[in-house]
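The structures considered in this document are given below.
Same chain, two partners: chain A is paired with chain B first, then with chain C.
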Partner chain A sequence: GLLVTTCGLLRHRPGGGGAYWVDSQQKRYVPVKGDHVIGIVTAKAGDVFRLDVGGSEPASLSYLAFEGATKRNRPNVQVGDLIYGQFVVANKDMEPEMVCIDSSGKSSGMGIIGQDGFLFKVSLGLIRKLLAPKCEIIQELSQLYPFELVIGMNGRIWVKAKTVQQTLIIVNILEACEYMTAEQRKQALAKLSGN
Partner chain B sequence: FMQRGLDSQTKKQLEEEEKKIINEEHWYLDVPDLKEKESCIIEERSFLRCEDLVYGRMSFKGFNPEVEKLMIQMNSKCKEEEIEEDGKMEADVSDEEMARRYETLVGTIGKKFLRKRDQRVLKDDDEDEDDEVEEGNSNTRPSKRAKKMFLKPQD
Partner chain C sequence: SLSPGDTSVLAGLYGPAEAKVSKELPDRAALEVLLRPKVGLPGVLERSREQLLRQTCEAVILGVLHPRTAISLVLQVLSDAGSLLSCCLNAACMALLDAGLPLATLFCGVTCALQPDGTILLDPTAQQEQEARAILTFAIASSERKVLMASTKGSCSVEEMQQCLVAAQRAATTIFQFYRDSVRRRYSKC
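What follows is the complex of A and B.
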């Protein structure tokens, strides 16, 4: 039998055998296999990096799990770096493990996230909203000015724009999006583009 | 415990006794086998499968061209129809030229691997065709030259 353990909206997707899930709101992330997340390097332990992903345990990332990495050719990762990778092992019995390459051996955008930029945390519900196909927030923001965005499923977002001020504006909008309605958001953005 | 000259009968008896002892010691379930219920429910922990989530790395207005290329690549994996509509990539060499080149290529490399006899046949064919064209012979030769048969020497 099925037991309900979280509260939220029950959603249904009819395609491909059908899927039901509970759309709940939470801030704490639980590592799940296959999820792309942003991790912060906290320690180097021999051949393995320890990453903080916001879960109950630090995740481990082997230095060979980067594209083009060999024993001689080590990736240049320092403590405090940001890494975008996916979970390859993530269950409640074992320490989660991450890699920065996909199944075909290509990095496909994963790896060390570059210099500058701003990392902040939001709730998981907002992340899912932002990652939905044709998200209005993202579309509206993209009209403002050029910027770069990395969204991790663990609630972390990294933003980088040309100036510090622009970066902070984007950060504030994304954080506030959680509690603003669509109209309020459009008003705020109109003010900004007017400026 | 190897004992010489043990009769085969006594041997069998001994083996059977051993087996009995072992079998009695083995535990076995006295319960009838339960039918395995196939559960039609698969548990999925990640939201990725439920909702069609887009790739997490994005760049706008050309801030990071590599990431923008990635965005197109990743998102097009989900929607393959759009790729087909956009059309094929421009090729440096047109399809017709490619076909022509390939045709000749196959011929030349094929010749390389023919045996000597077949090579001579090919050569003669070419020469015959040339002759026909030049001299306008009305002799009709078979298009495929048969294998050269052994000719009896005339007396």
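What follows is the complex of A and C.
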């Protein structure tokens, strides 16, 4: 038989064979293979780095899992750095493992996230909304100020704009998007661009 | 935060998080329940209630999906005007729902007070609890209204217990409808 285990909205995608899934709102992340996440380096243990990804265990990242890394040419990763990578091993029985290269060996945007910027945490539901194709929130924000944005599936977002004040404004809008409706958001952005 | 009448309990759920090596279980999640009374330090009564809550929650949480992790449930009593244990059970279930933890079934808590003349009162106040001959608390599951936990204080006959159980199962339907409405309100904002 079929058992529903989480509460949420039942969604249906008619394309292909059709798919049904339950869309639930959570804040706690559980590592899933293939997810792109932002991790914080907590320790260097020999050849692997330990990263905090917000799950129940720290993930491991080998120093060879970067583009162009060899035994002689090690990546410059310090404790406290932010890394954007994806999971290659993530199940309930083993410690999760991350890499910063994709299957062809290219980094495709993954790796160490640069200096400055601001990291904050939101719920997983908001992340899925932001990562949906043609997300209105991101388009409207990009008309406000230019900024760099990294979204991790573990609920973490990193933002960097030209000045600290602009960065904080974008952070506050993204955090508030969770509870605002579309009209309230448009009003808030109109007020800010008017200033 | 859940309050039937004037009894109010605040529940917070954390997990699945990293477990201490001494507490982790190799095949399932380790559940820990902490019940803090409104005044004073937690005593023996709180400890026994914590164990009842823990065993009920362990029966519904699918712990095998998260081995070697720890799930912590913290309950703070804000006000107590009777039926405290069933209020804690309801708060615990809503916290589990809100956190999105995988559950096999929902559960709710119902308290019955058996008065000296034999009538059954549901969700008694503190005054009614004092006067009652026996107080029975049941944790009822949402699938087929099965009994997950039964706790009795005082003495009653087997038939009276059966009658209280039937009344509690009927009352459980109202509580599950309340869960559904609360969750619907929450998801309507998405």
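Simple rule for what comes next: the second predicted complex is superposed on the first by the 195 of 195 C-alpha atoms of A that agree within 3 Å, B and C clash if a C-alpha of one lies under 4 Å from a C-alpha of the other, contacts with A are read in each partner's own complex, and residues count from 1 in each chain.
Heads up, the rule we're going with is that contacts are C-beta pairs under 8 Å (C-beta built on N, C-alpha and C of every residue); 3 or more make two chains touch, one makes a residue touch a chain.
Quick caveat: nothing in here was measured; it's all calculated off a predicted structure.
Q: Given the touch rule stated above, what does A:93 touch, chain B (first), chain C (second), both, or neither?
A: second
Q: Touching A:14 in the superposition: chain B (first), chain C (second), both, neither?
A: Neither chain B nor chain C is touched by A:14.
Q: Looking at the overlay, what does A:153 touch: chain B (first), chain C (second), both, or neither?
A: The answer is first: A:153 touches chain B but not chain C.
Q: In the three-chain superposition, say which chain, chain B or chain C, touches more residues of chain A.
A: Residues of chain A touched, chain B against chain C: more for B.
Q: For A:25 in the superposed arrangement: first (chain B), second (chain C), both or neither?
A: Touch partner of A:25: chain C, not chain B.
Q: Look at A:179 in the shared chain and tell me whether it touches chain B only, chain C only, both, or neither; answer first, second, both or neither.
A: Once the two structures are laid over each other on A, A:179 reaches chain C alone.
Q: Have a look at where A:194 lands relative to chain B and chain C in the superposition and call it first, second, both or neither.
A: neither
Q: Contacts for A:57 in the overlay, against chain B (first) and chain C (second): which applies, first, second, both or neither?
A: second
Q: Check chain A for residues that touch chain B in one structure and chain C in the other, and list them.
A: Residues common to the chain A contacts of chain C and of chain B are 30, listed in rising order.
Q: Touching residues of chain A toward chain B in the complex: what are they?
A: Touching chain B: residues 2, 11, 13, 19, 21, 30, 32-36, 84, 108-109, 128, 131-133, 135, 138, 141-142, 145-153, 160-162 of chain A.
Q: With touch defined as at the start, can you tell me which chain B residues reach chain A in the complex?
A: Those in contact with chain A are residues 41, 44-64, 67, 70, 73-74, 78.
Q: What part of chain C is in contact with chain A in the complex they form?
A: Per the touch definition, chain C meets chain A at residues 15-19, 62, 65-70, 97, 99-104, 183, 186-187, 189-190.
Q: Can you list the residues on chain A that touch chain C in the complex?
A: Spelled out, the residues of chain A in touch with chain C are 3, 5-9, 23-28, 30, 55-57, 92-93, 125, 179, 181.
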